[in-house]
Amino acid sequence: MYNFFDQLFVALGAWLVGLVVAAGNGVSKLCCGQPMSEAAAHNVAAGTQVVLICVTIYGVFALCFGLATWLERKMLARIQNRYGPNRVGPFGLLQFVADGVKMLTKEDIVPARADKLVHFLAPAIVLAPALLMFGFLPFGRNMAPTDLDTAVIAFFAVGAGSELALFMAGWGSRNKYSILGALRAVAQMISYEIPLVLAAVPVVMIVGSLSTSQIVAAQGTDSFLDVKGWFVWTPWGFAGFILFLIAATAESNRSPFDIPEGESEIIAGFHVEYSGFKFALFFMAEYLGMMAMAGLGVTLFLGGWHGPKLLPSWAWFMLKGFLIVCWLIWLRGTLPRLRVDQLMAFAWKAMLPFALFNIFATAVWFYLPKTTFLQSAVAWIITAALVVAAYLVISRFVSRRAGAPRVYRYAS
Amino acid sequence: MEPATHIPWIASHLWLIPLLPFLAGGVSALLPRRCRKLSAGLAIGAIGISTLLSFCALAESILRGLLPHAGRQWSAMQTHEAWHWLTEFTWFSYGTTSLKLGFVLDPLTAAMATMVSFVSMLIFIYSLGYMDRDKNFTRFFTFLSLFAGAMLGLVVANNLLLFFICWELVGVASYLLIGFWYHRPSAAAAAKKAFIVTKLGDIGFFAGLLWLYHATGTLQFYTPDHTGALEQATALAGLPGIMGLSLAGTIALLIFCGAVGKSGQWPLHVWLPDAMEGPTPVSALIHAATMVAAGVFLVARTYPLFQASPQVLTLVAWIGAFTAIMAATIAIAQNDIKRILAYSTVSQLGYMVMGLGVGGMAAAMFHLLMHGFFKALLFLGAGSVIHGCHNEQDVFKMGGVKKHMPVTFWTYFVGTLALAGIFPLAGFWSKDEVLTAAFNWGGGWFHKGPFALGCIGVFLTAFYMWRQVCLVFLGEYRGEKATVGHKQVGHEEAETQHETVPGVPHESPAVMTVPLVILAIFSAFMGFSGLPEHANLIHHFLSPEHAPHHVNWFVIATASALAFAGLGVGHLLYGVKPLAADEPDPLKAKLGKLRDFCRDKWYWDELYEATVVRFANIAAVVVDLGDRLLDGVTVGMGLLARGLSFINDKFDEHAINRSFDGSCGTVRLMGRCFAALQDGRVQSYLRLVAVAAALLAFWFFLK
Amino acid sequence: MTTLAHFQILASLLFVIGLFGAVTRRNAIVVLLSIEIMFNAANLSLVAFWRYSPHPEQLSGVMFAIFGITIAAAEAAVGLALVIVIYRYYKSIEVDGMRSLKG
Amino acid sequence: MDTAFIILSLITVAGAVWAVTLRNLIHAVLSLVLFFFGIAGFFFYLNADFVGWVQILVYVGAVAILAIFAVMLTHNLTAEDEPGFFSLRWLTGMAIAATVGAVLWFAIRSNAAMSQTAPAGVASNVADIGRKMMTDWVVPFEVVSLLLTAAMIGAIVIAMEQISHRK
């Protein structure tokens, strides 16, 4: 029974592929009088699989995007003692449909002096990485869209593309605020990409592979509970997870790291000059990026789709991902926005050294013997002590300056 | 030779002895200035542990050397074999051969290491008090540790190269320490002088080292398979060298050059008195334990090479004897308390070298060890006096210090008697050993020469030491009462140091006097380790293969009589009627010009100065003459050319100019063309590079 | 079927385009970009050689390409930093203007 | 030649040509990004996945952004006084490029090994690359690390405005 639900979508996919191949054979027999050759059948099956994966990702995550916007509005409303959307559908659940319709029907304004081509291309390009990133995550048992040898680095490489798109949006608009926002966004994302990648390095070191499937497999156990192997339970994994969450928040330009679109400073930044469906694309890209980051966090640290065998694996993945999304929303509702210099200083002076030290601690962990329980405990304590010591030292240096007023170097 | 598995722990960990001070020096080099206690603690702790280890090594050696057999009876100590424990390691390999370094533990190492580390430790502790106010306290201890470490490394080395490395490190450390107060021009000059003069000797040493390696293929002193450099000495003695010497003799002579430089033997002794510019603990360290002992130790270490060549030994003996007597005569006419001691050191080193030369290796080493104790004592005592007298170094401005500094006086007194060779203090026994060895050397008057010179030296030693004691400690204080501003030679912060009680000498703190007392005890009683006849432990220990001397009552009587005579004469001149302030040296009246000759150090410095300067002058004159000659030729040629050109003028003007102008124009044009290429634009260069690369490639393909 | 020659010709074409830019353009940034093009062309050539080599397991071409990318990144960072500094001094980044070594 | 090769060639060549010729610097940089993607595509096509991703990560994610920042910081959005298409400068450049291109063409054409087709089953494995990098290539790896560090510090030091000047 469990396996049925667990493998439901896999089976469904296999059945659909079989259906298409059978149909192709039928068509082939009708035209040429014989079934497709082996190679052709293989190609058709592969092509169908690709189409299926794309359609699934588009469909599922577009829906998830809608759900996430609803969730965000609801949660923020709760935090701010309001009701939030509650008119369209039960609990306002269909609000995003209404929003989508509104966006589609709005006028598409392009500034007169805008760089038309760049302005046009930017929203499309900004969405592409956000969607592509899902292609590298295993959503459940046997449910990896691709099984690349290089998945983790591919994820980050694809993510790097979105910085360019943001810049294109800002620059194409011919608007000072836009370009300021774009440059801020790019600088911030470049800065936080380094701790983000470095936070993932310990996992890659321990697993010995960049493949997300193998990383997930390395965190699995055969037990019913299946939570013991999650990397978040190790000291370096925990530290890496925290680092990853912070960097991911900054990477998806979310509060408290949302200075690229700070309304009070640069009136929404790089997408000021976008309206209608193009704006919706930016909106969608932000949420999809956030969810993809959450998915990677789940994959790297929270055991991927592993979990107590009460729910199917894909459900565990979704649940954990949405938990991280909820955490991000909560963060947005709670914390004030950072200053630019604080943001940069934090990335370079706190996150980077700590991430590097975490790698060192991971190496220590790797070489400590862990065959008996006692040895594991000792290794755990040693690594934890290292990480905590690093945290204490670095946080002392950071907190010394964090509250200081801003020093203006280039303007007075 | 015992198998390697049986060697004791300390023998295989001998490298710890030099390493610890090195480490301490390295760490305190990184410490900031304010970490004074930490730096001093590190240095003293390291040298303390080294001392302990050295004592371990000594104990092991004594057990092995003196009591090797079952039953451990007293007579069993007469084993007639040399022995040593070795450890080896490979420094690097080239091809199939490898350069090995190593450490050796034998009686020589053990005795020397113990003396060096122990005396160094006391000096370190003393420095705590002496350098108390100095701003660069940390730096001082860094250098001290380096110095001691280098010296100990040299002592335990089983390899001439390692020995040489440490030897040079000793030189560097001495340079740093002598020039410690580098803001004083005289200190900087003295440091340079010490470094350069010793380097002169080191050239010979290095040449000898290379030659030895060429001749034997190894630099290990001893190897487990008895193919070490020293173990091949007899073989080398059969080969021809230079100047009629055997190969062994040649190499020994070259190595002796190094010893002459480091141990301040004539003619390279000039640096040693100048080295007084360093802080007094440094002087003590240089004169007692480290630097100058290195030279004597080098000869003792490579003694088999010397033994293989009687001519070189003769030379060594005469140089030693000459140095001993020369330095002693200089010492009697000096005013500076430290300078007197410095010349005394040169003189005593002369004794040691003489002892080596006359075949008494054990005697020389015995004297070296004993001298280490009482000379350290004397120097530290002198330092204490200087410290107490507000950085006054002129003995004529002291006097009556006994009242104010009793501990210093009594310890100094013991040191003086020990140095003078008064029974039964250390100097008596060791000097007697040396003189006995000299007396027993060969036959004929020529071979009695060193002995005779040594005897005169005994008299002079006793004389100048007693002169010094009288001038410094007896009588009334002759210094200026207000010496606050007096800082002819002083600490960095002399102004602030003694403001409270100007004018009156005061006793030094315990941290300075306790080392003095310890050293005094050693100076007094260590001599008994070398009683003549069968109880001569040192002799048995250091060179078991040579039968110990019998007691030579003639030598003992002569030396003692001369020593007492020296003390007596000194007391008559200086002690009976203490000098008043500004009263001239009574020696002036007695000796006249001879005294000036001694006071001016036999004009060695002037001699060197004159020869060097003259050589430079002559060279300059020669070059100048050549210059003038060339000038004349040039001028003549010019005149000639002028005449010729006058003749050619018309021809030039019409026939050549026209064509020349034409070619000039062409050149200029081409120059402009090429200059256009060199326009400073990076892209032009890039274009040229691309075209050139393309052309090259075309040429390559078409070829 | 694609042969090694195809890749090498393409790589040389790209290299030549980069060279053309580096030689022709006046703007220092574009010159740097052209140099990046040349780097990439070389990397492409190297990887193609690896793909067609008889001993692909030695990964030489790939390694070269990775190191090449690393060095190109370092070069770009330093080069563009220099461009910015030059701009601060001259208020211009025309390469023709930079003719003397004096700042 | 197959379709993928043709498409990728068109992308790369077009990107490169635009990057080199466009007046608008931002457009040039964006064309360069296109070119980078094309090259990355070639790397995938050649089964060198890892290099391809590194190409995207480094060039698109870092070098292109760096170039954009340089353009922004030098207030130099369009290269106004670039010489025209038929100026001497362009003609020289073309001649030089043509010469070098001819040499390369000649070299490639004269080599028989160039006509071979791709052997099957050649692929780069990340684990192999990592292992190679830590064994056979460890010295270049360390050297490059050092170079990168030096370049990073150098770039910061060069570009950092002298604070003392401002104060």
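All chains are identified by letter, namely A, B, C and D, in their written order; residue positions are counted from 1 within each chain.
The criterion applied here is as follows: contacts are C-beta pairs under 8 Å (C-beta built on N, C-alpha and C of every residue); 3 or more make two chains touch, one makes a residue touch a chain.
The structure presented is a predicted model; accordingly, all values stated were derived computationally and were not measured.
Enquirer: Give me the chains shared as neighbours by chain A and chain D.
Expert: none
Enquirer: Quick one: chain A and chain B, Cα centre-to-centre, how many Å?
Expert: So the centre of chain A lies 73 Å away from the centre of chain B.
Enquirer: Express in whole angstrom the distance between the two chain centres, defined as the mean CA positions of chain B and chain C.
Expert: The mean C-alpha positions of chain B and chain C differ by 62 Å.
Enquirer: Any idea how many Å lie between the Cα centroids of chain C and chain D?
Expert: A distance of 5 Å separates the two centres.
Enquirer: Chain B to chain D: how many Å between their CA centres?
Expert: 64
Enquirer: Of all residues in chain D, which are in touch with two or more distinct other chains?
Expert: Correct list: 50, 54, 62, 69, 92-93, 96-97, 100, 161.
Enquirer: What are the residue numbers in chain B that touch two or more other chains?
Expert: Counting only residues that touch two or more other chains, chain B contributes 687, 690.
Enquirer: Among the residues of chain C, which are close enough to touch at least two other chains?
Expert: Residues 19, 23-24 of chain C touch two or more partner chains.
Enquirer: Tell me, which pairs of chains are in touch?
Expert: A-D, B-C, B-D, C-D
Enquirer: For the complex, which residues does chain C have touching chain B?
Expert: 19, 22-24, 31, 95-96, 98-100
Enquirer: What does chain D use to touch chain A in their complex?
Expert: The contact residues of chain D facing chain A are 26-27, 30, 33, 49-50, 53-54, 56-57, 60-62, 64-65, 68-69, 72, 125-127, 161, 163, 166.
Enquirer: What does chain D use to touch chain C in their complex?
Expert: It is residues 1-2, 5, 9, 12-13, 16-17, 19-21, 25, 28-29, 32, 35-36, 39, 42-43, 46-48, 50-51, 54-55, 58-59, 62-63, 66-67, 69-71, 73-76, 79, 81-83, 89-90, 92-94, 96-98, 100-101, 104-105, 108-109, 113-119, 122, 124, 128-129, 132-133, 137, 140-141, 144, 147-148, 150-152, 154-156, 158-159, 161 of chain D that touch chain C.
Enquirer: Quick check on the complex: what are the chain A residues that touch chain D?
Expert: Spelled out, the residues of chain A in touch with chain D are 115, 118, 148-150, 153-154, 156-158, 160-161, 163-164, 167-168, 171, 179, 183, 186-187, 190, 193, 208-210, 409-410, 412.
Enquirer: Give every residue of chain B touching chain D within the complex, in rising order.
Expert: 687, 690-691, 693-694, 697-698, 701
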